[in-house]
């Protein structure tokens, strides 16, 4: 009897430890930024980008003067709803694992007749130079809101991408000796006042992936996963990666897959 | 041309809360570009809200309203289904008019 | 004075005709009729801003509330809401003391509209933020300090 | 896409779903490449995915011996002989300044601790970089926006005094943290030429000068 009780107690303690959500701790009473974040929640300028992206998706563009409405994002030609939570994935027609932005480039080239260079021309907006890619990503990701992350990991190329992504995550290099894990490999860490998701912990990994793309109030733009990783590499003091490169796809695969089961909730609003 | 606004207006117990997001750079005139040159100020100056042709709220903005401005206010007298007409004009004379429905 | 008013009315009716004739879209007519208080937006101090808005002095009042965070994670977007329990509120203004141009925004509150506004302002640095409220022809004031922190990786 | 194939894929996905409290390191990759194979593929992938941009050239991907070892032991316990080897070699490579007084100007040190710029592909070679110390450490109490990847340095000098040993250790620790803690997260500010000797001395001042707000 006593033993059973002890076991139950141990199990419940374990459960409590498992349930302890660092993301919730961020919103605890002692976090001085709680009020700031609460007041911003609800009115997300990303919605302007979603509206713009939807119009772009449906507008005939490129030399072929067709819209993207027949673009196959992995769940059927023209299907946007639920596409993002199943990316990145292997695509038979390109024989590649592709994330959303890589796939959009493919559609702009194959359907709309743009050159790859044209399609990749302005991936990240700057003041006065809005990016179609960011708007399209805002719209497409918004159509997965509320769904569970379910990135496939069955094709050998998907498995390979995951394994490569994991290696990149831990790869220390550059003048600062940083890897992704330097900032995202331990619980409850902050840079300045910003909490860093521990991407080696499933709970944080889910919460983090499920909230990109995001409208960055510090930049006044919706930033995509490609931009997030590009800027992480920049801050790591590595050199610049090519937009939609294999390294980014692999790392995204690793992160997306580790977010398995997360309820997708983006475009979000972040600092 | 300016991008559309997102307008939300919800009526509850006779009070309608209006929330509008406007798509605009809101350049302060203080920022320098990559080449070190000052980027000229470019910002929304006036916003007006009308319900049944009656002005129910107006705003004058300076350069320190955040990019993609949010504006929210509350007024009495609207019913569900009524239209709210929002206009803005910026210092270049660019403007935008959109309409929202009270829910 | 009377003459001016009549002129204004005449202009208004001409504009109305132009709109009706399809010469000017309603938005255009509206845009051309707007006033923007340059003097107020050029003012560097709370006092000069108040003067430009037509006030001479404002008294601190607990009937004016500023709802804003104590600390902002980023100065580019700082949420600020102003409300008041005063009767007959006609105008609300938000002033950020240490910004290059102190006045962020000024709002008119017609009868039937509640004395409440919420927006987001840019703050160059930690500063006092003032809410000016004109009610029954008199100006009232509330003040709150908002700290702006440095965030992110810093590069 | 073949529908049947898709359902098979979905079933496979479910089979590898995370269980309970398991960490991500235990997440199976099925028949994917081994770690060693993946490491090799990752090198190739990164080489083909990165381009020289501004001051950041592609050779930044090339690891030195320490980076290679710390990558190899990431998330694992580092064997004692490996960590001792790292610390010894890093300590031996520290260059001491000519000046006998290592306590620089704390006001300058504070600016360096606040400055997070330098060495990114958007920085210029002529930009004066900083240490970005507040990103990871609490230092002077006036700055409320500080990180916690590293320990708090508030009262650093007050707690330790400023004997010659403490001064020398502090300089060397900033110069090369790996000399005392193999595979530390802290950049090797002197060794990797992120900061100059004079800048490091100013940081020593920030931490040890009795007049610095750190020790008030």
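As written, the chain order gives the labels A, B, C and D, with residue 1 at the start of each chain.
Note that in this section a residue touches a chain if its C-beta (ideal position, glycine included) is under 8 Å from a C-beta of that chain, and two chains touch if they have at least 3 such contacts.
Source: prediction; values computed, not measured.
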Seminar exercise, completed: In contact with subunit A and subunit C alike are the chains B, D
Exercise. Which chain has its Cα centroid closest to the overall Cα centroid?
Worked result: A
Exercise. How big is the gap, in whole Å, between where the Cα atoms of subunit C centre and where those of subunit D centre?
Worked result: 47
Seminar exercise, completed: subunit A to subunit D, mean C-alpha position gap in Å, rounds to 24
Seminar exercise, completed: Distance between the CA centroids of subunit A and subunit B (whole Å) is 30
Exercise. Using CA atom averages as chain centres, what separation in Å is found between subunit B and subunit D?
Worked result: 45
Problem set entry | Junction residues of subunit D - those touching two or more other chains | 120, 134-135, 144-145
Exercise. Which residues of subunit B are in contact with two or more other chains?
Worked result: 66-67, 70, 72
Exercise. In subunit A, what residues contact two or more other chains?
Worked result: 32, 191-193, 217, 220, 234-235
Exercise. Between which chains does touch occur?
Worked result: A-B, A-C, A-D, B-C, C-D
Exercise. Can you list the subunit C residues touching subunit A in their complex?
Worked result: 67-74, 76-79, 81, 120, 149-155
Problem set entry | subunit D to subunit A touching residues, read off their complex | 1, 8-10, 12-13, 16-18, 20-25, 27, 29-33, 35, 37-39, 41-42, 45-46, 48-54, 56-58, 60-63, 66-67, 70-71, 74-75, 119-122, 134-136, 144-149, 178, 185, 187-188, 192-194
Problem set entry | In the complex with subunit C, residue positions of subunit A that touch it | 32-33, 35-37, 39-40, 191-194, 217-220, 234-235, 271
Exercise. Considering the complex alone, what residue numbers of subunit A touch subunit B?
Worked result: 43, 45, 47-48, 51-52, 127-128, 217, 220
Exercise. Within the complex, which stretch of subunit D touches subunit C?
Worked result: 114-118, 120, 123, 130, 132, 134-135, 144-145
